[in-house]
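Chain lettering (A, B, C and D) follows the sequence in which the chains are written, and residue indices restart at 1 in each chain.
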Amino acid sequence: MAGRRQEEYRFGRILAISDGVFAFSLTLLVVDLVIPTSSSNSALASQLVAQLPALLSYLISFAVVALTWNSHRETFGYIRHADGWLIVFNFALLLLVAFLPFPTAVLGRNQNEPLAAVIYAVTLTLINLAAAAIWWYATRGHRLVDRDLDHHVVKKRFSRLAIGVAVFLVSIPVALWQPYVAEIMWLPLFGVVLFIRTPS
Amino acid sequence: MAGRRQEEYRFGRILAISDGVFAFSLTLLVVDLVIPTSSSNSALASQLVAQLPALLSYLISFAVVALTWNSHRETFGYIRHADGWLIVFNFALLLLVAFLPFPTAVLGRNQNEPLAAVIYAVTLTLINLAAAAIWWYATRGHRLVDRDLDHHVVKKRFSRLAIGVAVFLVSIPVALWQPYVAEIMWLPLFGVVLFIRTPS
Amino acid sequence: MAGRRQEEYRFGRILAISDGVFAFSLTLLVVDLVIPTSSSNSALASQLVAQLPALLSYLISFAVVALTWNSHRETFGYIRHADGWLIVFNFALLLLVAFLPFPTAVLGRNQNEPLAAVIYAVTLTLINLAAAAIWWYATRGHRLVDRDLDHHVVKKRFSRLAIGVAVFLVSIPVALWQPYVAEIMWLPLFGVVLFIRTPS
Amino acid sequence: MAGRRQEEYRFGRILAISDGVFAFSLTLLVVDLVIPTSSSNSALASQLVAQLPALLSYLISFAVVALTWNSHRETFGYIRHADGWLIVFNFALLLLVAFLPFPTAVLGRNQNEPLAAVIYAVTLTLINLAAAAIWWYATRGHRLVDRDLDHHVVKKRFSRLAIGVAVFLVSIPVALWQPYVAEIMWLPLFGVVLFIRTPS
């Protein structure tokens, strides 16, 4: 009884700190958009148009954090126990999510630089890697999940997470070669990710 | 039993991420106010007076986020199940709420530009549209609400949400024509919205 | 039963948005401190010393938000029902708490200007007024509290909240006359507030 | 019964405000990284390389907040009652955690200045001191913990917290003498802290 209450407490705290970081990261992204101040309507318009690339990377990052949150929610929906390593892996994911506003802003202000796109692609790859690592660690030998959790579910979910890693890994050389192509590639990709995901 | 716990977990996470984004957005709005530094009392006073338009758009945005939160609270008070599309619609609303500090700051620093007021009015319209879309999606065929939820309640609430969309839609051309009129129009409007809303 | 679940849901959401705003406001205050960059150790030291007034107003504001949160926690510990007006009063308090980083930064950068101290003192007065208003509204005719809540408790708590309002109201003319005196007055005052407060 | 509900409410609020401050502090650290804007790929690269020291102090601070959160979670897992002084001690810890982005940014931009490293080391020492003080206050005479909590557990945990204080205290003179050595000393130290901590 006491053990179960402890388990619930620990679990609740991990979710609270995670949702806090996700929510803050979602909201903080907007800070990097530069507020234009101008003397005429047309000057304001051209300044806002100049912000469009930054707006695009803002949207991509928002989608990334939202999808990562959703994946985190699904993973932790299967987890029944929490141990020290789960907390370490979880903080690795949160570190990358909290860090994302930086590469987003770098990309938003340096759209033509392959380096900016590469740094961004690497960050997205690492986020997906951390999400996959949590699932791998939790399900390995049914370490933190229910004993009767179907092997099929474990594998299916793992391969989906692995596809996420693979796709962003592939986008790294694309970003090096053509930053714009990589960016345009990412957006529809989220549509696909959303579609292949069974609602759970 | 397990299904219900899963349902509660999923619901709890959605509310946690939503309240987080609402709370940060409410607090982040203040960041766009420029801190004056001055050498005399009268210089400080004139700099603060110059901030008054920015303060007005700050107040309007705070009211918008507060009312949107309240509407979100009411809607989710009726929702019993959560599916993948609800999460997508919810993130669309959160994206707009998290984005609001940007058009608020643009309006605050460019009060005389119709374009700034139009962008602001469009954002408010989209926020209301997203809130109405969630209600429409959740109640359509009693998809996510209790089966015995009165049709009258569904319709009444939907028409109120639709009025919100209509009013902000109308304010778009007004903003184009007279930015100040649109702004002055919004504030009392919140009073009305507050008044017609039955406390629940 | 359903009614009680609704009550718990509504209450939970109000606390979630409130704690979010309090926590964010506590953390956001630090953003207004200017990060010095210097070429020598002594230059850095003198720049940090120049920041001391800003640090003082940072500490005062942190204490104000912490004490307001504590008062909010106590008040809502007595509240059993939540209605539309409670939400409105609560948002008035949250608006002032979320706004506090602005007068804090204005004071931090304009320590010698009476106007800056007056704006700060007015904000503190309004925060205390909003906190007192919530208690008054909730307990008036036992509107939102338990019927058997002792009249003595209601009155005692109300007079303490009223003292808070009175003290900050008095500090407004002091701030106009001697900004430094008002500031130095506030810090020990928090000690007193802390002391007269029975731990609950 | 009512008393227990009150106890749970009070405890829940303290955890909510704490997790909020921890989560914001984790995410806010990224704001201090300067977003480079450049005209060529190599210029961007050199600007990013110039950011590496700031990135290092970002990582250290993230690790500090994460470890402090973990220690807070462990401590509050043992606490059964909450009183006024616990709230005061807890706010002292939260003040230091919320303040951390400031010394982090000062260090990030003034890596060669012993003063910057000393201020940072002092802040880390105080954070560890506050965490130890909470444990000491809560367990002293079993004030806020279960009566049957083993003395062994109390002492073991206290000595671990005391070691944390001692290590950062020692790093103050090191920082004064060789800022870089202190920084390089801190990172592996977190590995050790992580390792000696039994997962609970």
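In the analysis below, a residue touches a chain if its C-beta (ideal position, glycine included) is under 8 Å from a C-beta of that chain, and two chains touch if they have at least 3 such contacts.
Given the structure is predicted, the values throughout are model-derived calculations rather than measurements.
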{"item": "Farthest-lying chain, centroid of Cα atoms versus that of chain B", "value": "D"}
{"item": "Interface sides of chain B and chain C: same vs different residues, half threshold", "value": "different"}
{"item": "Mean-CA-position distance for chain C and chain A (Å)", "value": "35"}
{"item": "Chain centre separation in whole Å, for chain B relative to chain A (CA means)", "value": "25"}
{"item": "For chain B, residues that touch 2 or more chains besides their own", "value": "16, 19-20, 23-24, 28, 31"}
{"item": "Interface residues, chain C side, partner chain D - complex", "value": "15-16, 19-20, 22-24, 26-31, 33, 35-38, 40-41, 44-45, 48, 59, 62, 66, 69-70, 73, 77, 194, 197-200"}
{"item": "Of all residues in chain C, those that touch chain B in their complex", "value": "6, 9-10, 12-13, 16-17, 19-21, 23-25, 28, 31-32, 83-85, 87-88, 91, 94-95, 98-99, 101-102, 105-106, 109-110, 113-116, 119"}
